[in-house]
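This report concerns only the one structure given below.
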Amino acid sequence: RLPHLDAAGRAHVVDVSAKPVTVREARAEGRVLCSPQVLGMLTAGGLPKGDALAVARIAGLQAAKRTPDLVPLAHPVAVHGVAVDLDVEADGVRIASAVRTADRTGVEMEALTCVVVAALAFVDMVKAVDRHARITDVRVVAKSGGRSGDWVAEDAGGR
Amino acid sequence: RLPHLDAAGRAHVVDVSAKPVTVREARAEGRVLCSPQVLGMLTAGGLPKGDALAVARIAGLQAAKRTPDLVPLAHPVAVHGVAVDLDVEADGVRIASAVRTADRTGVEMEALTCVVVAALAFVDMVKAVDRHARITDVRVVAKSGGRSGDWVAEDAGGR
Amino acid sequence: RLPHLDAAGRAHVVDVSAKPVTVREARAEGRVLCSPQVLGMLTAGGLPKGDALAVARIAGLQAAKRTPDLVPLAHPVAVHGVAVDLDVEADGVRIASAVRTADRTGVEMEALTCVVVAALAFVDMVKAVDRHARITDVRVVAKSGGRSGDWVAEDAGGR
Amino acid sequence: RLPHLDAAGRAHVVDVSAKPVTVREARAEGRVLCSPQVLGMLTAGGLPKGDALAVARIAGLQAAKRTPDLVPLAHPVAVHGVAVDLDVEADGVRIASAVRTADRTGVEMEALTCVVVAALAFVDMVKAVDRHARITDVRVVAKSGGRSGDWVAEDAGGR
Amino acid sequence: RLPHLDAAGRAHVVDVSAKPVTVREARAEGRVLCSPQVLGMLTAGGLPKGDALAVARIAGLQAAKRTPDLVPLAHPVAVHGVAVDLDVEADGVRIASAVRTADRTGVEMEALTCVVVAALAFVDMVKAVDRHARITDVRVVAKSGGRSGDWVAEDAGGR
Amino acid sequence: RLPHLDAAGRAHVVDVSAKPVTVREARAEGRVLCSPQVLGMLTAGGLPKGDALAVARIAGLQAAKRTPDLVPLAHPVAVHGVAVDLDVEADGVRIASAVRTADRTGVEMEALTCVVVAALAFVDMVKAVDRHARITDVRVVAKSGGRSGDWVAEDAGGR
């Protein structure tokens, strides 16, 4: 049974008050696919131009902290560290986040929220020149700390 | 040049005060890929069980209204109508949103935000049983109203 | 059928983009019942002491503006005026709000949200001395503007 | 004296930094009175139809987490578990919430906020067909953990 | 009398529903004073290094949109354009904002909120190396549109 | 190097998960300069009239709790106590805040945010009668708890 639903199928916020405070980390990744025209506007000599990537990064950092406001059954978590970056690739940008906490539950949702909101902010920036921009392949790629043990996805990018 | 950046590359919220109030609509789509095990927990006889899809739908509706809080350069928009739904498919769920407004700027970001936050809420629900759930293929699929004209993406699903 | 649910029973934000902008007002009322001991702490010579009522009033004013963040299917509305007051009565306080807008939909939910959050803030203030404080009889008492016509509840208090 | 006001009557957030972290729970209840016509629209064969009750439940869960944003003098609390449910009765719905935390202060306000916002969302859903819907009898019915000891109200419903 | 207080001194949100929608602009300025050591960390060859100024700019843009959440008696305003910049000076940074809207009330508070939150974000960045950083001289410097007429402060900086 | 920027100059939320939970306090101060006409409207016989100062105080208390929403790189902190007050002086008001927590990082930003938002709310109240109101001299004046040791600014006012 899905833990977020009770026996009658009703949603609830799962009680974690009895879980111990431990250091936990999660990493997530995703991509935004966009046109070469857009990528040319974003970079010069291999370097980002202006604030385009900074806006996406900062949107991602802030969103990680607002996860429980967005995801109805997510717990408020003491977000203790967040990093997110965007790498320009041939057909778009790759976004990778890492979130750490010392708390009673994991931060996978915070890491995912960081990536998707950075992706939204990136699409917002480029949508006037590329209406086909696409957010794709967003997933948790690593997790450590907590009862369920550590793991790393086979297709995780490096960081 | 990207309109969200000024000549020096600095981000700003583009001035739309001189644009007319017109009715505008945007539609977006995306998918969450997950395991057959999860899909079996979500449905019985072809029907959703419990609140799983309702949580994702309501998260999406609410997020559409909070777009300017999440996307730094997005305008506050008078969101006048939002619908979002999740269809269970063979390898996951397909999410489609439609947002309408009578305002000075379009609602593509609201439609995208609706889809990605519904997707986040869905992943949150299933992550205990499927750590490989993946949000993918999120994009605007149709837009009407406003100066840039109407369009529908070739690969848009029906609704 | 309830307008907030579609034919399949799914919740959505009802499309109001085609409705005209008109001036609309709603008034709501409610009460918090509490002990004479608490009422004695709140007043001296018939006047409120300190910030107790101000905290509740300001909480109510702010909550009126945040209604669409709290009520999933409520539209963002341009809240153009809000007043709220608390009157000390024999067995508690009576709270009355009035909200005005020039917008495409009514402000009944804003008026109700104003009253209940003012009531919450009041209970928060007194709960250490009265654990039995009770919020009761919260309802819309008058509405004007908009298609459905004006009305005043028979049991509305004066203002 | 009310603890939320200082000697001069000025509001402040009471310092709880020296209190120990303990597991605490609070339960609250309330009702929304509405017409038989509405109740008939909400149920079929004793079961809820569509998302009507799910919207109210999810609104309540989310609001519990946002209590310190709404109630000016409430502390941010690590909400570790929330459940809320609506039971259809002869003359309306009964709403009951339970909130748990391991933190330095109690969660009575979170439990009350959960009930009143679920009630607001319910009223929003039915207001087009019942303008006389009324939120009533909202109160804390049980509390455990913390210095002030455990208690249960005599008129608490079961859960 | 202050318009935000009624005859009894109670705060309310002033009713602006009868005011016309017109294009309005406000500009605000302020400074953060900090040490030469900090200024050296922020610039290289006259150019900003890294995201330090971008974080403050983006914080300011977002805060302009959240003014009614922060300022209890401020109206929700359709923020239609925001620009903010930070100039490095000999003894700190000068921050200037400009906010535009087509709405029923002015945006002075939005322009001020933009400046002070950009200033807060800047102080946050430098506080580890300069505990004496100081936010100062924050004021509205120009206003246009609306009934009260246009004006520019004598000591306004250029932009 | 500024700790909030990584080696490439990119902003991140500094990881504090390994820091111990200790009781920490910060105090901040600032002033709003305004005209004698305004000061006369605010006081009668040396006492504040109406809610003017209460609105600013409550805005400040609430803003302290919302610091991580406003300041992009600030951590969510368990705000355990907040006090803020406004003293009427010859040429304006002096605002002083004190924030306490038992958490892993300090509350200087919370104390500053409390002061500047109280100042914004005060300016909002008086701007109709004094367009030259000015927020000035906002700074941290004392800090205790935490690794960096206790200190008090030489020019701190009393409290």
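Labels A, B, C, D, E and F are assigned to the chains in the order they are written; within every chain, residues are numbered from 1.
FYI, a contact is a pair of C-beta atoms (placed from the backbone, for glycine too) under 8 Å apart; a residue touches a chain by one contact, two chains touch by 3 or more.
The model shown is predicted, which means the values in this text are computed figures rather than measured ones.
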Shortest walk length in steps over touching chains, chain C through to chain E: 1
Same-residue or different-residue interface between chain A and chain E, half as cut-off: same
Taking each chain's C-alpha mean as its centre, the one farthest from chain F: B
Chain of greatest Cα-centre distance to chain E: D
For chain C paired with chain F, centre-to-centre distance based on mean C-alpha positions, whole Å: 30
Chain centre separation (chain C, chain D; CA means) in Å: 16
Residue numbers of chain C (touch at least two other chains): 10-11, 51, 54-55, 57-59, 62, 66, 69, 72-73, 76, 78
Overall pattern in which the protein chains touch one another (line/ring/star/complete/other): other
Every chain pair in contact, whichever chains are involved: A-B, A-D, A-E, A-F, B-C, B-D, B-E, C-D, C-E, C-F, D-F, E-F
Chain A residues touching chain B - in the complex, by the definition given at the top: 1-5, 8-11, 30, 41-42, 49-52, 54-55, 58-59, 63, 66, 69-74, 108-109, 112-113, 116-117, 119-121, 123-129, 131-140, 143, 151, 153
Of all residues in chain D, those that touch chain A in their complex: 23, 54, 57-58, 61-62, 64-66, 76, 78-85, 100-102
Residue ranges of chain A touching chain E (in the complex, touch as defined): 51, 54-55, 57-59, 62
Parts of chain A lying in touch with chain D, wherever the complex brings them together: 6, 10-18, 68-69, 72-73, 75-76, 78, 103-104
